[in-house]
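Two complexes, one shared chain (chain A), two partners (chain B, chain C).
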Partner chain A sequence: MDIVNNVKSSSHRIRNSIATLVGLVFLAGCATNAPQDTWQPRGDNAQVINNLQWIIFPMAGVVGVLVFAFAAYTFWKFKDRGQPIPSQSHGKPIVEIILTIIPALILTVVGVFTFRGIFELSNTEDTQMVINVTGQQWWWEYDYPAQAEQGITQPIITSGQLVIPVGTKVLLRETSRDVIHSYWIPALNGKKDAVPGRINLLRLQADKPGLFAGQCTEFCGLSHANMRMEAIALSKEDFAKWAANQQKAYTSPADGTLAKEGEGVFLNQCIRCHQVNGLKKADGTPALAAPDENVYSGAAPNLSHLMTRNTFAGAKFDLLNKTCRSDVWDASPEAIGAKYLAGVSESCLNATDLRAWLRNAPAMKPMYSDPTKLGPSGGKYRGMPNLGLTETDIDKLVAYLLTLK
Partner chain B sequence: MITPGSKYFFGLTGLSLISAILYMVLVNPSDLGAIALFGLAGSGALIGAMALFTRDGDVYEGEEAVGASSTGGSPSFWPIVFAFGAALVLTGLATVSAVFILGIAVLIGGGVEWSIQNWADGASADQKFNQFARARAISAIEYPGLAAVGLGVIAFFFSRVVLAVSKESGPIIFIVVATAILVVGVLIATKPSMKGTLTVVVSVLAVLALAGAGTFAALSGERHELAVASAEDHYDASHRECGEEASDHYDHLANNTVSLRSAVTATIFVKDGKVYAEAIGMKTKVDTITIPRSNATSVMFRNLDAEQHRLVVNLGSAKVAATGVVEKVGTCTQLTGENQEQVMTLTIPKPATEAEPYSFTVPGATGEIKLVVP
Partner chain C sequence: MATNELPISSSQSLGAVRRPVNTKGWREWLFTVDHKKLGIMYGCVAFTFFIVGGIEALFIRLQLALPDGRILSADKYNQMFTMHATTMIFLFAMPMAAAFANYFLPLQIGARDVAFPRLNALSFWLFLSGGLILNASWFLGGAADGGWFMYAPNSGPVFSPSNGVDFWVLGLQIAGIASLIGSINLIVTVLNMRAPGMTLMKMPVFTWMILVVQFLLVFSLPVITVALVLLMFQRSYGATFFDVSQGADPLLWQHLFWIFGHPEVYVLILPAFGIISEVLPTFSRKPLFGYPFVVFSGASIGLVGFGVWAHHMFASGLGPVSVAVFSMATMAIAIPTGVKIFNWLLTMWGGKIWYSAAMKFAIGLVVLFTIGGLSGVTHAVAPSDTQQTDTYYIVAHFHYVLFGGMVFGLFSGFYYWWPKVFGKMLNEKLGTWNFWFMVIGMNLTFGPMHILGLQGQPRRMYVWTEARAGEGFFNLGFWNMVSSIGSFILAVGVLFFIINVIKTTRNKERAPLDPWDARTLEWLTTSPPKVHNFDRIPVVHHLDEFFHRKYVEDETTHVMTQVAKGEDLVRAEEAAADADIHMPGASYWPLLLSIGVAVLGMGIIYGTPIMVVGALVVLFSSFGWVLEPSVPEPIDFDSPSHDGHTKEIASLG
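Here is the complex of A and B:
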């Protein structure tokens, strides 16, 4: 008897646990603080997808519930109770015809709306701005070709955060330097793979200023989950200011400052992979990074104007501390532009993560950067290695990086 | 009792486990090879268990086993095929990889046939039933396999013929042969009385004719221009003819593949002696093309003039380490005729300097397109 009770009790526990789990999953769907929610479109393209979802999901839901209910009813009603096997019949043309026509009609409706959506999303004829997006393990690079009508007279290059003007039809030309990645900012459009050797097009448009989170959605290696991105939509005036700042010439820190010493450390260490446009060596010649000699993908983030971004290391870490980050992320559409353009000041800097990254990057984000295990990548790093910097060097570098605005 | 069918798979499981352990100890414990061997062991165990559970598909019956135990197996040439495969594998290891691959194929084919034959021989005391069991087990593999080999042989011989004859004759031969096959097929289908010896004779004669023609063509070699084009090796990285064209035979549409055409970042045109460019997504003509650093990027060149042109990319200059001489860096497409295209794929690791900006030019035409690598 005890054994029977124990079995019943554990059976109840399992049933209750499953019910609780299902309830929690269901409740999680009601979360409002979900920056990657596909049901909260913030632009025309995402709205097209959302409209399609509102047609297909209810239909699929109704069909699913009906099928499950009918199956459950059948299992319960006709379960083996020892009754004799009922008489068997074969074929019922009317039922078969109905069961063929109904799904065909449903699929026709779904197909019509789906194809309409696909054609709408593939339209690039009225593009107003073009940005090249290049994925590599595990960060995104954005380069803006010269487009005078957008105030870009010389190419801009940045990473981690995509900056776009509000109400502008932006065309992303996606590709990859190493493996297949996939670009996805749910609030602005669907996913699009970034494939080596190919250029895939994705259109984005934001209705209002704001910050929109995204994530690589094609498994791309060890730190795939840490390959994030953010899109920042600014008003046209604010975008013009941002673009003008990105095209500003490099200014070397004043002599005798800690930042100037940091520039020296950068030229000794970081320039092997990271470019800062306009930076010159001591002899006055341009300091050109050589990521192709050290990194598997052949590229490392260009750090020009680094402190105008809010994140680093593939948008995995914030450059802003928690207070200042909330100040930007929670800002109203009217206020976000000014807050974002303020960049990262010394008081707002997330020095803890930045210093930890400079101290030992592989400890912060999983990467293939163990010097003894670079055989498969031909001796090149995938990610940033531990440079063995001293605390003094880190102080100098942080001071220098803070000047890159 | 363990069934005959499951014995093979359990044997495979044991062998794979031993191999996996040896591999881990002697080669690399975390290597893919060990994982594959363990996977093979797992698969063998699973299939063996299934064979045991289903009693080898109920073919095996106790009383028949008693009879089977007193009958000998039928004569088989599969052990010879298997041994021949093993010989080919060993020969291939010492000579060329093609022989090794052929040996593996013969080894697997012979092994499977031998195993099935052996299994079928022990299925019952009734030889007819055993033949039926064998056919049922192996026919689903044999027929498609033989058909694939047959088609491969036909395709090989026919391709030798088409590569040997002139460019104009190839399509004609193709049409004639295809028509003949269609006519014979229709005749056989509509006149069932033709089936039988006549059909076999016609088929054998056709195959022999094809084999003879294919062998003769293979021995004669490819036609002249293909042989010369192959010798010129246009795909060799050192094949750079940015001056006067030295090659006799080059493909004006060498890069005219769908994958390349759909992945170009920009198209550069020459029209009325002037150079201009269009970039994907840009509504107006551009005078600058931006391509990402260290990433293979394709640019298409389209010549709309009657005169032949080539696209040249100028990538500054660099000192040659061996000689210390500063030389210009760049590359070019081949000469491209009117309304024809070439695709140039570039991987540029560093941005240009102010002193030596990158650019695209077309000798004989005016204008240039700036190339920016940010």
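Here is the complex of A and C:
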């Protein structure tokens, strides 16, 4: 009896300690909020992948343990202890055949699941919303075509953060204006390259409101490391509010304010590349940016409603200061919508980075924007040049940009 | 003198320039066509590039040890990782395998040299030219910065305006010619020059694997050459092969690159598989378990290796059908690879294992490669790969395969064959230090990269940021630091090897002729072997011929009885030396022709006049080559038979 009990209790102990260990590893996995963790799916597509990961990783682990246990035993057992030279056997075909068939069977099982996963992820038939995503050195442009069912009656063009409604099957139509980039929000789906001259499809769907980090993952030149992205999922109501705000008409700052002077600076300098929808020149005609004449990729971020975003310069820098930023990032799924929709107020603005950027952008992010070295790109910039703005100009511009809500 | 009886052929009088007369001192090396000298030179140059590539890797790890690293600028970092990979693959791994192949393949098949000795020299000098051109870019305006995969259109003249990519394109084309010539040479050697009795299925596995690799090279190098020529025309002559605005599809480059690039992976690993397939049986005192299975799994890895290239492109938008097919093919390749691992383990099973340094490294390969193989299966599952590709998880995977696999295999080869090549034993104690530092360093460097990748740290980023690092056990900060520290431990491991080499070189003690109780023909001659390799061409009756000349197995009791010592067998061969051994003479032309090709290549960057000069040198040396007298005039003859046992005369080269 004692023996039985002992065996029982020790097997309990073993089971308990294994459970604790697994739990600890699992907890450690959850406690790490590395924002690009590939094991924390937050939507259907990423979940499909995660289910496959949970098949293949443990399987590889078990095979590994078995092989290493066998190897370790062999290394120990057949160490030279003075035994005679063994018979020169050249092997047994039956063993070979068994050892070929077993891995083949395991891989067939994995293959079946993989096959299913691939086709499940490629399905785009029941798409509910379309966003055109365009990569260029070194930022992403998001272009929401008019789709009445999502409250978008005129196209929205934005950058810095992808905004999507929760529980909606969103189809990204990806392309690029220069080199190959790759769009990756690990919590929502795997990567898909943005290839110039092609349109690649990637489906995203978020289960709950939240902010998700991502990063360009196809090497795209000098500032590849600085080409980040963020996706924010909002509740359907909040998304409708966001979309309505993005389609709101432009209002010029009141005359006599610093912001109004800033609008003048913008019309002098920034408008060459950056569009603000609805902005008018002093003579009342529409002010149209011409990035195609100045930038190699032919595009620069559209700055309409800039202060509704949390990031700038390819999501490398935050528009929100540290406190306000963590306030949004750490918000609960219920609260994040309202916080995000509040946009960037003057007190929350990360003025340090924004001013430094306006002062000398290439010093903040490596780019090909030295005007003396534009020969290979036919005189066009790849990235934002140093505009030589005075501190007064910067004051005015910041005041103006703060009005772009 | 026997030389007086030489038949003077009419071709002799056609010689434009005489063959080198004085082949002593440095000339001995510059004009040599001896496969062993070329092998040693391949090895020395490749090891130098290993150090260069290693230093580049240390810079990378220094930069990434802390967030927002400032050791390197973005531009320099991009050059650094591009050149690290390019150097390690094309200038270290391939030529180091070529070093082993050059030296040991003729010895293992009982031949006196390769089929085309002058072409062999040309291969080496072209490889050196290519390597020097690639690295010259560091000092001539910056190295290539597009990654070793050099994806279009980022490699185009607009996106990579420095000359770095031009140097890269030219260096690789020239090194590619070297490999292509070498592969044809070795295929002919294996197929035509095996000793009597050595059927293909009695060939040592190392030779088999090298043969498979040469076929892979013959079929894959033309593909990368096409891609490189297209890129060269785009960059230097305004062609638009990868210019999207002109209707090009940038995925063309990816397909061309990976149709070469994936077989290339097996080009890198199979020689190491071959090496340990010699080492494991020798130190287990057993033949390789399932020899035909190991051979055919190697061949099928090579074959299937041509059908999996698009698994490097799972995220590029191939469409679900292509992805599914390539996903399955990739899983299939795990089967023959698994067969090899099982066979190695079963070779040791029932053996009498001697844990020499060579054996330690071979076992290191088996274990570390298995880890790399298992992580490889996790991204054969295409959807799972879309989370892993272009992250550090992939970096971890292929460093386990290539460092844990290939490099450990090569080091195993160093320890195993050093006494054969130099007649001296590497120090076993230092070898053990060498091994353990490399094992620990390698696991500390590349192990944490699994975590980094699964936590979402992408590759090829010159900085990582605290904001994306997370907290807790898996945070990027801690593991990046561990990885960087590991890389220096690894470097110390390599340093132990260098110290070992220096110590061994100074040591006067000669190695025994058969220090490992070895199994294959290369041990049936002196160490180092004479110019003509074998005093008498051996006649082969068995797989592992040398072993079976030493031991006889009782058919009923299976007891092994030693009937001869390796040393005595070697002496017996010397006593029965062939008369009049014909060896090829030295030649100026391989070296001169390579210089011409290098200058020609530089002309593509620096203008037509230089190109014309290079072309003239190439033309001149080609004529010189063709018209070179097949036999030196008797008066020129410089007998290499200083050992006094045999008389040698030069013959067709």
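In this section, the second predicted complex is superposed on the first by the 351 of 405 C-alpha atoms of A that agree within 3 Å, B and C clash if a C-alpha of one lies under 4 Å from a C-alpha of the other, contacts with A are read in each partner's own complex, and residues count from 1 in each chain.
The rule is short, and it goes like this: a contact is a pair of C-beta atoms (placed from the backbone, for glycine too) under 8 Å apart; a residue touches a chain by one contact, two chains touch by 3 or more.
Here the structure is a predicted model, which means the values were calculated and not measured.
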item	value
Partners on chain A (chain B, chain C) - clash or fit	clash
First (chain B), second (chain C), both or neither touched by A:A71	second
Partner chain in contact with A:P196 - chain B first, chain C second, else both or neither	both
Which superposed partner A:I157 touches (first chain B, second chain C, both, neither)	first
Which of chain B and chain C A:E261 touches, first, second, both or neither	neither
First (chain B), second (chain C), both or neither touched by A:D393	neither
Contacts of A:D44 with chain B and chain C, given as first, second, both or neither	neither
Chain B versus chain C as contact partner of A:V130, first or second or both or neither	first
Touched partner set for A:A299, first chain B, second chain C, both or neither	first
First, second, both or neither for A:E141, with chain B first and chain C second	first
More chain A residues in contact - chain B or chain C	C
Identified clashing stretch of chain C versus chain B [60-68, 132-140 or 492-500]	132-140
Chain B and chain C footprints on chain A, overlapping residues	196-198, 201
Residue ranges of chain B touching chain A (in the complex, touch as defined)	259, 262-265, 279-283, 286, 288-298, 347, 349-351, 353-354, 372, 374
Chain C to chain A touching residues, read off their complex	73-75, 78, 145-147, 151, 153-154, 157-161, 244, 247-251, 284-291, 293, 315-317, 319-320, 323-324, 327-328, 331-332, 334-335, 338-339, 341-343, 345-346, 348-355, 363, 366-367, 370-371, 374-375, 377-378, 380-391, 453-464, 467-476, 543-544, 547, 551, 553, 558-560
Parts of chain A lying in touch with chain B, wherever the complex brings them together	124, 127, 130, 132, 134, 141, 143, 145-147, 155-157, 171, 173, 175, 177, 196-199, 201, 275, 277, 286, 288-293, 297-299, 302
Touch list for chain A against partner chain C, complex	28-29, 31-39, 46, 48-49, 52-53, 55-57, 60-61, 63-64, 67-68, 70-71, 74-75, 78-80, 83-93, 95-96, 99-100, 103-104, 107, 110-111, 113-115, 117-119, 121-122, 137, 178-180, 182, 184, 186, 189-193, 195-198, 200-201, 213, 215-226, 228, 296, 366, 368, 373, 375-378, 382
